[in-house]
Amino acid sequence: MSTPFFESHELTKDFGGLRAVNGLSFHVNEGEIFGLIGPNGSGKTTVFNLIGGYYPITSGSLRFQGTTLNSLPTWKICKLGIGRTFQVMKPLRRMTVLENVMTAAFNRTDVIAESRKKALEVLEFCGLAHRKDMTAKGLPIGYRKRLEIARALATEPKLLLLDETMAGLTPQEQAEGVTLIRKIRDSGITIIIVEHIMRVIMSLCDRILCINYGQRIAEGSPQEVANHPAVIEAYLGKE
Amino acid sequence: MKAIRWQIALIVAASLIFPWVVRSEYYLHVIILAYIWVIIGSSWNLLAGFTGQVSFGHAIFFGIGAYTAGLCATKLGVSAWWGVIFGGPMASLIGFIIGWICFRLRGPYFALATIAVGEIFRLIAVVWRSFTGGMEGILLMQTFRSKLPYYYLALFLSLTCILAIHLAMRSKWGYYFVAIREDQDAAESMGVSAFRYKSLSLIISSFFTGVAGAFYMNYMAFIDPEVVFSLHHISIMAILVGIIGGVGTLWGPPLGAFIMVLLQETFRSSFFGLAPRWVSEVHVLVFGLLVIFVILYMANGVVGDWDKIRRLWSRKAESVAATAGKGS
Amino acid sequence: MSVFVQTVVAGTLMGGIYALIGIGMTLIMGVMKIINLAHGQLMMVAMYITYVLYEYLHVDPYLALVVTMPALFVLGALIQRYLLNPLIKVEAILPENQVLMTVGIGMVLTEIARMIFHSDYKSVRPAYTSISLYAGPIAFNLPMCIAFGIAVLLTIGLFIFLLKTDTGKSVRATAQNKEAALLLGVNADRIMVFTYGLGAALVAAAGTLLLPIYYLFPDLGGAFTLKAFVITILGGLGSTVGAIVGGVVLGVSESLGATYVSMGLKDAVGMVIFLLVLIFLPGGLKRLTKI
Amino acid sequence: WGEETLRVGIILPLTGAKANFGEIEKLSFDMALKEINDAGGINGKKLEFLFEDDTGRPEVARSAAEKLINKDKVLMLGGGYGSSETFAIAGVAQQNRIPFLVNTGSDDKITEQGWDYVFRLNPPVSEYPKALESFLVEVVKPKTAAILYENTNFGSSGARKFKEICQRLGIQVVVEEGYEHGGVDFKPILIKVKDKNPDLIYMISYVMDAALLMRQSMELRVKPKLFVGGGAGFTLPEFPKNAGKAAEKVFSATLWYQTLKYPGALDYYNKFVATYKKDTEYHGAEAYASAYVIADALERAKSTSRDDIRKAMAETDMMTVFGPVKFIAYDKKTNQNRLPTYLVQWIDGRLELVWPKELATKPYVYPIDWESVWR
Amino acid sequence: MLQVEQLDVFYGDIQVLWDISFHVHNNEFVVLVGSNGAGKSTLMKTISGLVRPKRGSIRFGDVRLDQLKPYEIIKFGLSHIPEGRQLFPEMSVLENLEMGALNPEAKAKRKETLEWVFSLFPRLKERTGQMAGTLSGGEQQMCAIARGLMSLPRMVLLDEPSLGLSPRLTQEIFRLVQEIHHKGMTILMVEQNVKQTLAICDRGYVLENGRIVLEGRGQDLLEDQRVKEAFLGL
């Protein structure tokens, strides 16, 4: 069998005495939207942070297109083609929206003009073009979330990690978000998405992994996972 | 944009003809000091204002540059002017090493660490008498009797420094520097090696500060560790220059340099002898009050808060006009 | 051997003085997260008050504590109220603005002292300042022993205050999340004013106890501000017990450094330890001792 | 106006840490100036001193010199307190070919550069212990010595020179350590000294460090045959005030003492104390004498050109309250006034001149039983 | 009980709330809905005193709140549980809860209130000694709500309590809110889970671009065409 596009093998992370991620193995195929769900504090953001190289991995390994990510610094992981958004948004506050995205676009070019062009494309794609000259700190939450996505896209990732980019949006805005994410996938980018809003997860994902206490409790198609008794018990609750 | 370019050309032209208009060597001396501070302030600003790494230790680089020049003369027996060439790289090297140690610290902790490193350098320069001459310092004779060569060299160096920073800030580097200042984690997630670009910023910053130090050695012709490694008179002064002019702006620190140097000299000499003597005794007090005032009311400095200042003025003008109107 | 013992004793006693200076800083920097570059200058002000009381009213320095501590409390409170609190509302590029404000405050305090008292050295010499107790060949300076004791008492007091009283908890809460503290009914501005005042009062104690041992001039502050940082970082931010530990560690290592390396590098020893702790032991000795 | 007055620039530390000494010197200059002008000025013209503040920093001293020379167009320069500041000013003066009379800055180097425009009234720091040297040879005959000095230009060059003397006299230097000015705790270094138990402890310190050094020596029972201060702090009235009984029986080298048999020395002292209600000491006498030397040179100068003034300075041969003044070249030095120095001792709370013997106001106390002194 | 009239609120020069008037009766459960940046949180902050209104009045019972400071307002029995939890991360859960009961009356009853709160949130009882910063998102939210209840308020303002919580916890939180309501507390809540909230509340207001555009009983709003389009994604 060929090596999977992205693979986590026995991934473990301890914070002091707390084991936030516990021997987690999964893989993501190229071109799919992979959902990662689980109760609060189950370790989803931690998984993203491990992929992004923010914390050292306690044990286990992460492989992306055959490259081992363990102990690579964050920026190199980005260079490899993994882009991410933050659950707690981190806009570059005093830069304009365009400058925010240009900074990201420099990931693939050193030339100002090219990065500007790329940034404008991405902003157009994300529906932010009309806000490009606003400073990021003045941006309402909905746009900030899009800015997070736009920035990640501008680094030209092959794999995109989205951490709760829909939380706090109205259903209307969520619907727009879903469309955007589909569009991103259609442009050839593989996506891992963390989200608590089941409607979004169910309508987007090809496969879903549900974790609790950093361990897998179910994996499979949206339907399978949603009906899995352990998932209902730990996560969904009885409707 | 055109208008700005025009203004810059005007400033440069004015600087070039200044010595031919004002023929007093003393005023040239003061302006030369201001140019030195333009370089130090701008360099500090690159690291602190643009890249967000507030250094309380720029005296280190200034001192390294100055001692490189001084030791060229005392230890190598060559002209101290070689220091202007080697002082920059030397300071950059030390800067790189310091960055390598201190950049794992963020925010105020980085600032504190730079204070500590600065003090260590000062104490070493004091104690290592056989190499640095300790507190007996290094004294040279100026190469030129006329101030003109110094004036033009200082002008050239400060313009080069400003230009270099301008170019850096207009390139990818500039975006990366500011991104690191705004949010280091976010920057890393966009493929920016924070360590590499912080180091780069520090290397450029320390390079020019070192050049300024080497020039200072040649121009002032006397240094000792208290002079060039001084926390208060160099490191903190660099910060004041930046803050008062405006951090994170290209023209803030140069303006701040002129304000600070002129103010300092004006007070030291009791308004050039026009005011009573006690005026010179309060000059540090006035500095302190100025700092407090600027931080409270113009947190982004004269250039950074220029719009605010202008608005205040025009509002005042308006209200003056309004009352005048009523009166008539 | 007796060289070593006497060095350690001297360093430990000096550490007591350092600890006194550090306690106020632990509160201001460790708990409130204000980097206070005017710390030594506040101490200097307290020392001048002590001096005036002694010189003109013949008040014993230990008695003067009753005056200097409240006086500095008021001064600190005013500084926080009118100079530091307003900064929170100002948006500036560098969060270090507040640090620079304290630099400005330090300059102003120093210069005002200079205007009033000139640059002359002043000192206070009650008879007991040169009393020493001897254990064999080893000398213990009495005022320093007393300062050490008071440092321990103040630490315990502050520890209990921060952990057990509602006001102490409000101080910590305000530092951690001002808005939430406000919503829960804490007058956050007043708490900050109070805390800075308290920090200033603590360093006033340090100054008053230091004066009989040392002397006084307007520029004295800067060097002690640096010491205060070293102690606070060494001991671990916000750790009251850490201030004592940090003070003693600094005092002893400086003494050992001075005796066995070079007197001229005494201060460098402190700075090197400071750097090492900053970099390799973030959290300071608190990380090791867990308190 | 410019024709009526002869303007001389005086650079002193008027603010900053050294300001109290700068103040004494300035007042002495003022006192002399008033006397000179009251006596008719210089060739009918009034003398004027323009004071500039060097704030105790060499780079500022340089700016001040630049200003005096280029803007105020003074005839010559005077002053110079700290060695570093003096050094910096001397460089500017030589460069601009303007005479500069140093009255205090005492680093040997200042007159060892072959600078023909720089003159020095006071002896260089290496000669401060000259009287001490003969005292050691004739009376004490120590085998070992410790040298403690503040890490400043003055301290470290003084220490270096004293070490040379020790080598010449065959005294073994067992401890030689510099310290940062303003320390709280000198015990570590004193513990080390006590351990080596030298016959002589030579200290170059300003007054507060000096007081602390002595107090802590007393506390640690460091007992050499004698403690000697290298001028500066040890002769000031603040020293016994702060050191208390620890000051007793301490020796110090000094350059001047008011009871010296120089004409006007005691008068100067009394007049200063009467006028300004504060004490003065050798720094003030240097300044006062220097004002008269300047006036004398200007009076003799053929014109007010810098060169003529320099020539007049070089030909100076006069008596002042500070002693005879004549600028000569010796050893490596040029334009250096050569003066004897003295040894003083604190006896019963008073500073007494004890050496050379023939000038002594009281016989020296030696050997010293420290336990009874310190009891 | 709460009466807001003609409120205008600015951030600097930018107006975010325009002429807001609404009321909440005693023991009522009122919900505010609105899209992102509509000004819901701002409205809450204005009521609790974190933000000063430029014009208009806020009355709570017979006191005027609009010129009071937050720490004065809480004394009248109004408790604001802010968006995003806002715990004291380096204090233990217990200390966080104690901070909730600072005013004298609440302090006197601190012990009993703690028992009551722990009975509502048994999870917190297990974690009394843990630093609040290390709690999981859901636990943090519980801690925040519990802390808000410690002052024994007559009315609570809840800002998006379910933000970022798992579906199961979201339901749990809603259940708790209802329970508190049934215990006799007046509730004003902001929520994005429009469908669920409108179903359980008494009345609702819809906020759009800083203005109140709709008002009605929860069930009626659920039926409203405009609400359906904007919030239910239908």
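Note that the chains are named A, B, C, D and E in the order they appear, and that numbering of residues resets to 1 at the start of each chain.
In this section, a residue touches a chain if its C-beta (ideal position, glycine included) is under 8 Å from a C-beta of that chain, and two chains touch if they have at least 3 such contacts.
In UniProt terms the chains read A, E = ABC transporter ATP-binding protein; B, C = Branched-chain amino acid ABC transporter permease.
Small disclaimer: the values here were computed from a predicted structure and weren't measured.
Least step count on the touch graph, subunit B to subunit E: 2. Touching subunit D and subunit E at once are the following chains: C.
Separation of subunit C from subunit E in touch steps, taking the shortest path, is 1. Taking the mean of C-alpha positions as each chain's centre, the chain lying farthest from the centre of subunit A is D. In this assembly, E is the chain whose CA centroid lies farthest from the centroid of subunit B.
One inter-chain figure worth recording: subunit B and subunit D are separated by 37 Å, centre to centre, where each centre is the mean of the chain's CA atoms. Each chain gets a centre from the mean of its Cα atoms; for subunit B and subunit C, those two points are 31 Å apart. The multi-chain contact residues of subunit B, meaning those touching 2 or more other chains, are 123, 126-127, 281, 284.
For subunit D, the set of residues touching two or more other chains reads 15, 151, 178, 180. Multi-chain contact residues of subunit E (touching two or more other chains) are absent. Pairwise chain contacts in this structure: A-B, A-E, B-C, B-D, C-D, C-E. Subunit B meets subunit D in the complex at residues 24-27, 29-30, 33, 123, 126-127, 129, 134-137, 139-142, 145, 220-224, 226-227, 233, 265, 268-269, 272-273, 277, 280-281, 283-284. Across the complex, subunit B is touched by residues 35, 83, 86-87, 90-97, 99-101, 103-108, 110-112, 114-115, 222, 226, 229-230, 233, 262, 264-265, 267-268, 271-272, 274-275, 278-279, 282 of subunit C. Listing the residues of subunit D that touch subunit B in their complex gives 14-15, 50-53, 55, 57-60, 62-64, 66-67, 69-72, 83-84, 87-88, 91, 94-96, 107, 109, 113, 151-153, 155-157, 178, 180.
The part of subunit E that touches subunit C in the complex is made up of residues 48-50, 69-71, 74-75, 79-80, 82, 86-91, 95, 98-100, 102-103, 107, 147, 151. The residues of subunit E lying in touch with subunit A in their complex are 35-37, 134-139, 160, 163-172, 192, 194, 229-233.
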